[in-house]
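Shown next, in structure tokens, is the structure this report addresses.
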């Protein structure tokens, strides 16, 4: 076995030092009635070459490959990933380290995560951000719990129907056995959170309103107006950004008055990888800092007065506060935070807004072409970013199946999550979709309508 | 370690001082020493009620958290506003700059049941 | 002083924001082949204040230099108890990056992502066989997330039986995640004292009709097998409760004992511990959860179903606790874990467990004369010492920092909480006798230094990137992001 270094001689001299004759003797603390009386029934070990063949075959069994045109978003986005990222995070000092419990030999991770926290604050327009959470949906649930802690006796959460359906379901699972009431806020006919309904639902018991920005249907919500409404009743506004690239183009949630901003950072340099690992982020106001869940990296000095970084404010966490902790979380998405930092550093102040404009323009081009097709329409006239809803002349599932034959994955069928939208299809466009792809999608959609 | 005679002490290591009809509360020199460098204090607001034996606040060091228990019931009339910015006062001056809250007790007689300095010193030696 | 202590050139490096030079950009956008249009001006943001401006070279240098300030398993021995820092096979990294996996969007329909689904299904079957549970979810993102899934299922099961129970029993040796999870699921935590291992009497005394579950770690955080576990499970079941097992230490049991066979109802795995996926400086991990047949209907959705030769993700499960993450799993981590299981095979996994236990016991034998050993029972994959016998005001923290000067990552310190000044050493199976000897030599030398030259411990580290860092300052005046300082 290539990962096990022991020679027979090593083993016998170690057993001598311990004072037992056989390795089995070391397991004497396990009673006989707890032993497995047989070998595990698993396949025989594979050598590296066989392993590679086996996995290549599995990967190839996914019928979709890079020759397909893909317009899938819905919380995970197919952006180009600069080669630099994989090279840098393949340095095993980064990826084979543990959580930086010993800061003196973990300054690489700690500084990179401190930079991540700063980048997230700058992008969201917020004051503090943590070292990351599992993904967008769990970040949303953690943020809801945080808003409940900050809101003290308030126990109601208003969830806009525009928030990613999976985020809403995860929030539901997280609060299921707590004393919390979730209330869904409907959307208006143009796909935005219904402000009149918000006004009606807000009372002294509401801890937070949660809205997407853009929301799941791609629509840019009026965060400013929602924040005025929410703050008027003493509640917090929680903004969920499933496609955070939009924040490089549109006004930041912080500027618009959000109290907590969460999102999914996969857009920033992480592979799609069938939905994970991604990276959740959470950013908040200074006044709520001590209610944040998860790891936080802070700046300090060493014995000689030199700048350094440490995990800090850990009394919030499970290993100290146990059942009173702000969350049970102990890992973050470590290496993914480093990937996001590298991505945002490469694109930076100049590249990221440009990329956002590029995505916006491509989506606008496609949207216009589709709107002109007979039988297709745009249900919402509200501003969008790189993702938008169309209504098809047939059920979306039928359209999608038809286009698969042309190696096009045209979008996400909305019939299960939003049956109120007639034949709704959610289409996403990124810099990975060139004009030829956009034009052939339009042609293919037209083909079926004729 | 210093345990001023004029104070009364609790088994949870708070000290109390009756001044007129108000009672000041903080944590003892022994408690701050056990806790190590204090980095954060969470206190109630003026107007809040505190109940006997119930936690009214939290004091944190880098790697520990302790509840602070109210030795008697009453209404908070004043909170040490300097503590959030200078939690180290609890280490450097537990009985003066490090005071936490002043309350108007429902029943000041409860104080008679608390330990004096000598009894408290004996108590911590036993612990 | 050992020869592997650091002597290298350590380059200084500022924060990425301080490296910024106006006008630079490290990424060229693809040519824009559609008309550039702008949204309504009132929606637009100003420039992103403070965002860095750097060339590709700047970024590469920056992160390369940062990496050299880190210590990973590939740098050397990393005996963090409870964290299981075993070697991470390199081929697994390559396999997770295969374009067929890495470029696969989670919304690709099931009939077009059969390879990924098959991989998940096969991994699920392997983990069931390894643990003895009939059903399993791969969804949870890490161990703590798995605990959460498990306790939610326990709550849902009780609810389905019409039980209203409020308490969860947790031994004092438990990870902090256990009580935090129980509270998150709406339960009151009742701690139970244990003397190394949990006794049937202690559980019996705490067990009543208001107890929903017992959460137990096996082997526990002292490295001891909970030898009364079968009887304890029977007792808890007889009073209508369930048993949750924290599987963080499953690496001590592979091929030897299956928790599912012992009466345990739910257990989470830490793929990043037992199955060699990299820890990534804090994550991502993955925390699958195995359950008994009675709990199977409550598994989170989606579940993977095999029908004939085809696989699909199913969400039509009325009793499910629901979704716990946006998409089905930390798939990239699952690929690595499955590759590890296939590389090792059944005998290799068992051998890994045996050698991990051999290594821990060897360290115990080598250090027993130099450090206080609070629990004398036969321990498995990790061993806990304490600073009780160290002279001259030398404590566990000082030993840990001095180990840095010798070129080793220290053990887990001050955990478990039941041992004052704990040093929790877990070597794992991938360390050779030579490596263990060098580490033990260093710890023995440090124990001698504590007697003769305690300042060496108190001043340590002197060879690391930084000296001891002021954690009190960091917590008193939190600075959690970079801000431009006015000149």
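The letters A, B and C name the chains in turn, as written, and every chain counts its residues from 1.
Simple rule for what comes next: contacts are C-beta pairs under 8 Å (C-beta built on N, C-alpha and C of every residue); 3 or more make two chains touch, one makes a residue touch a chain.
Values in this document were obtained by computation on a predicted structure and should not be read as measured data.
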Check: If you average the Cα atoms of each chain, whose average lands nearest the overall Cα average?
Finding: C
Notebook entry, point to check: Higher C-beta contact count, B-C or A-C?
Noted result: A-C
Next item on the list: Name the chain whose C-alpha centroid is most distant from the C-alpha centroid of chain A.
Entry: B
Checklist line | Distance between the centres, which are taken as Cα means, of chain B and chain A, whole angstrom | finding: 44
Note to self: Counting only Cα atoms for the centres, state how far chain B is from chain C in Å.
What the structure shows: 39
Check: Quick one: chain A and chain C, Cα centre-to-centre, how many Å?
Finding: 20
Check: Touching two or more other chains, which residues of chain C qualify?
Finding: 471, 475
Margin query: Give the residues of chain B touching no fewer than two other chains, as numbers and ranges.
Written below: 39-40, 60-63
Notebook entry, point to check: Can you list the chain A residues in contact with two or more other chains?
Noted result: 315, 320-321, 324
Next item on the list: Going by the contact rule at the top, pick out the chain B residues touching chain C in the complex.
Entry: 37, 39-40, 60-63, 87-88
Check: If you look only at chain C, which of its residues touch chain B in the complex?
Finding: 414, 471-472, 475-476
Checklist line | For the chain A and chain B complex, residues of the former touching the latter | finding: 290, 314-315, 320-321, 324
